[in-house]
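Both of the next two complexes hold chain A, though its partner changes from chain B to chain C.
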Partner chain A sequence: MIKEKYYISDYCAIRDKKVFKNGDELYIDSESDNLKDFAKGVYKFLELKYPKFHKMDELCKLGFLASEVLFRDREKIDQDTALVLSNRSSSLDTDRKHQTSIMDREDFYPSPAVFVYTLPNIIMGEISIRNKMKSENAFFVTESFDADFMSKYSEILMNTGKASDVICGWVDLDNDKYDVFLAFLSKKGKKELTKEELNNLYNQ
Partner chain B sequence: MAELTEELKEKLIEQLSLEDVEVSEIGDDDPLFGDGLGLDSIDALELIVLLEKDYGIKLKDPKEGKAIFESVGVMADYISKHRTK
Partner chain C sequence: MKKVYLVADNIISPLGFSTEENIENLRLNQTGIKKVDDDYIWSEPFFGAVINNDKLSTAWKIVSNDSGYTKLEKMMLLSVSKLLSENSSLDINKCGVVISTTKGNINNLRGHSDEKAYLASISKTIQHYFKLDHTPVILSNACISGGLALAIGKRMIQSEIFEDVVVIGGDLLSEFTLSGFFSFQAVSTAPCKPFCKNRTGISLGEAAASAWLSSNKENVTEEAISISGDASANDANHISGPSRTGEGLYISIKRALKEAGVKSNQIDYITAHGTATPYNDEMEAIAFNRAGMQSVPINSLKGYYGHTLGASALIESIIARHCLINNELFASLGFEELGVSESINVIAKNHKKELTRVLKTASGFGGCNVALVIEKEVL
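Right after this comes the complex of A and B.
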């Protein structure tokens, strides 16, 4: 049996107040001094009109913005595009805010808008709703970006017909420190999908 | 009452992250859900928390919110009659 080849057709990274697409610098922010303002700047730069963005937590905003960059210039996203994401800190950043809001037993008011984001896989829900995707998705918590696992898992999804394409990557945030990398995997593209290539692009 | 409606509009924008909305753009009688401000079910829960936290009003039945959260004007009227703080 001939093994099907898959490719990395687009990739995006958000790091250190910069946004990159396919290795090129797309947006730099030298003014904002916090993630919230940086994310708002990217939102404006991308000329998005999606008020729900403002209600997302910061982790979700990062994943959402990366997906918007990744999908930019694409006419249509296949409904069967799977999402396979990972990070190290899960939703810890928002979990802390939630914990703070429920610490005082005399003044106990957990905010629904905060605790709805106390799961990292909400990112995938937001991306799916935005793009009308009805696909397989999984969020893994690992010590670091595992290109071997990500590429194998994605290949299995496409080989078994569970997904036409896959968006895989790393969306991590903890205390305003963030690292985001998404890759669009499909049957078309110039860079062949291998763990080495995926790792190289992540480390660019 | 006018002071309370202005206060409510500011709280709505702040707590519901309505970043693109100005206080002056929210009419007293504008519907908050549906075609109005476009609030969703999570926002409704936030409004229930806001009533209790800021005005000491605890809704016994969350379904009551449907009528109370019709507009800022209706909310202000309800708060002025039932507030405990």
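Right after this comes the complex of A and C.
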């Protein structure tokens, strides 16, 4: 097995009505009072034209927007770029919506358009479709962002040739609180991939 | 690269609370799917494979007096307890632990406190119960979770993070998932019939399972069965429908075979995903044909277990291990007449056959696919 050095070439975060790329503030929203409007604002700011976006649940929108920010200015995304995501709340935000729709047997209205989003890995499906990435996907659930595990697993994928690059990160949404952090890991870059560095960037 | 052996396993399902009992029922072509009349799950009777609560409580009392666990937790803890008690040399505290589940304690969303509905509560429960120093990691990757968890376990061992890994999988048959599949009109009104012309959809099931992966051949007590290749690929096509060309599955198969260093004609048996929904089975038939595997004997075990979500691919891999050891194949239960456009060789009757290499595949929502090559060491 080849063990190379890997780098964090780009990273982004979406937190508290702000979008950051490589540590710089890219977008601030001081007006919207809910996540849906905030996400729409980011979508407009990024000048995206992707009607599927509006069908996504809020968790997917967050992950999708972060990936768009991460990929901005990048000419081409390799089809073998793996997605390794994690969070604390899985898809609970949408699970609760589906649960509400089946709570009352007299007023029972489960919807396939909601149910499909009751899996956290759907975020990776949406990002894969958008970028034609036919790659390794894995979604992990941990109590908090586990930089050690996430960097190790990403390195395994690149060391074994299962992925050319890796998008690794955290996309969490629970009761309107959200926290998103994605990092582009590859053989090129200035910041060497270590669990400490990944943790520092996550905590920035 | 290090070989990673599938050393020991356990299955907790409606077909029994040990792998042996499960295999015995497969030999009898006994299904766990039946008409379920349980108002807690569904207001009308439906076909599914549920674990009897009384039987589970009785089995649970033998390992613990603590009744404060959910049904899924009891299933998973019981499975691991049995794995440990049958393998005295297995020290789970020295192992990596990967838990595979799609919905966890989803029934707890019904109550006022949803603390246990957080998937991470399962890793905490398992950590506390077995007094582990580290928290197990949870993989939640739709219907491929159980197979992908084995692949991840293998990768962790080959990267020398751990010498041994325990993979635990489990999911419930809940009102939550059943209502969702009903909303997709994907639930069969009779026990499911994978790959059959008369198939009308899935039957859901519930189960838990555990498997011990090791790079240390001294742990191998039966025949040496290893995972020699693994790969996963997204279709990049649709979030709830499989690719019409079987793209992600085809890529996964091709890569898994490559890693195992074998050609498609060296596969003796395919244990497919086979959910019995028209689109899934069709997509799989196309992918297997593209991979040149149309004549390889194939079955789906969904006719026995129903679709057990995060446990399914783990259970099917465990059964594959025993098929390799015993040189036997089980009929694809429910199958009558081929109902996919491309020809595949569905196993109609149980029979004995010399087996060296098995391909396990799974596909799921989000367009995810996984393929594993599981093989027997030829002496």
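We take it that the second predicted complex is superposed on the first by the 201 of 204 C-alpha atoms of A that agree within 3 Å, B and C clash if a C-alpha of one lies under 4 Å from a C-alpha of the other, contacts with A are read in each partner's own complex, and residues count from 1 in each chain.
Convention: a residue touches a chain if its C-beta (ideal position, glycine included) is under 8 Å from a C-beta of that chain, and two chains touch if they have at least 3 such contacts.
Computed from a predicted model, the values in this text were never measured in an experiment.
Asks: In the superposed arrangement, which partner chain does A:Lys162 touch: chain B (first), chain C (second), both, or neither?
Replies: So A:Lys162 only meets chain C here.
Asks: Taking the superposition as given, does A:Ser67 touch the first partner, chain B, the second, chain C, both, or neither?
Replies: neither
Asks: Quick check on the superposed pair: does A:Thr81 touch chain B, chain C, both, or neither? Answer first, second, both or neither.
Replies: Once the two structures are laid over each other on A, A:Thr81 reaches no partner at all.
Asks: If you count the residues of chain A that each partner touches, which comes out higher, chain B or chain C?
Replies: C
Asks: After superposition on the shared chain, which partner residues are touched by A:Ile122: those of chain B (first), chain C (second), both, or neither?
Replies: second
Asks: For A:Tyr153, is the partner it touches chain B (first), chain C (second), both, or none of the two (neither)?
Replies: In the superposed model, A:Tyr153 contacts chain C only, not chain B.
Asks: One more residue to check, A:Ala138. First (chain B), second (chain C), both or neither?
Replies: After superposition on chain A, A:Ala138 lies in contact with chain C alone.
Asks: Under the stated touch criterion, which partner chain does A:Ser186 make contact with: chain B (first), chain C (second), both, or neither?
Replies: neither
Asks: Looking at A:Ser111 after the superposition, I want to know if it touches chain B, chain C, both of them or none. Which is it: first, second, both, neither?
Replies: A:Ser111: touches chain B and chain C.
Asks: Mind working out whether A:Ser9 is in touch with chain B, chain C, both or neither, as first, second, both or neither?
Replies: Neither partner.
Asks: Identify the overlap between the chain B-contacting and the chain C-contacting residues of chain A.
Replies: Chain A residues touching both partners: 110-112, 116.
Asks: Over in the complex, which chain B residues touch chain A? Could you list them?
Replies: Contact set of chain B toward chain A: 15-20, 38, 42-43, 45-46, 49, 52-53.
Asks: Which residues of chain A touch chain C in the complex?
Replies: By the definition above, chain A touches chain C via 1, 83, 88-90, 92, 95-96, 98-99, 101-103, 105, 108, 110-112, 115-116, 118-122, 124-126, 128-129, 131-143, 146, 149, 152-153, 155-157, 159-160, 162.
Asks: Would you pull the chain C residues touching chain A in the complex into a rising list?
Replies: Going by the criterion above, the answer is residues 1, 43, 102-104, 106, 109-110, 114, 117-120, 123-124, 135, 137-142, 148, 152, 155-156, 158-159, 161, 175-176, 179-184, 231-240, 247-248, 251, 255, 364-368.
Asks: List the residues on chain A that touch chain B in their complex, please.
Replies: Within the complex, chain A touches chain B at residues 40, 51, 54-55, 107, 109-113, 116.
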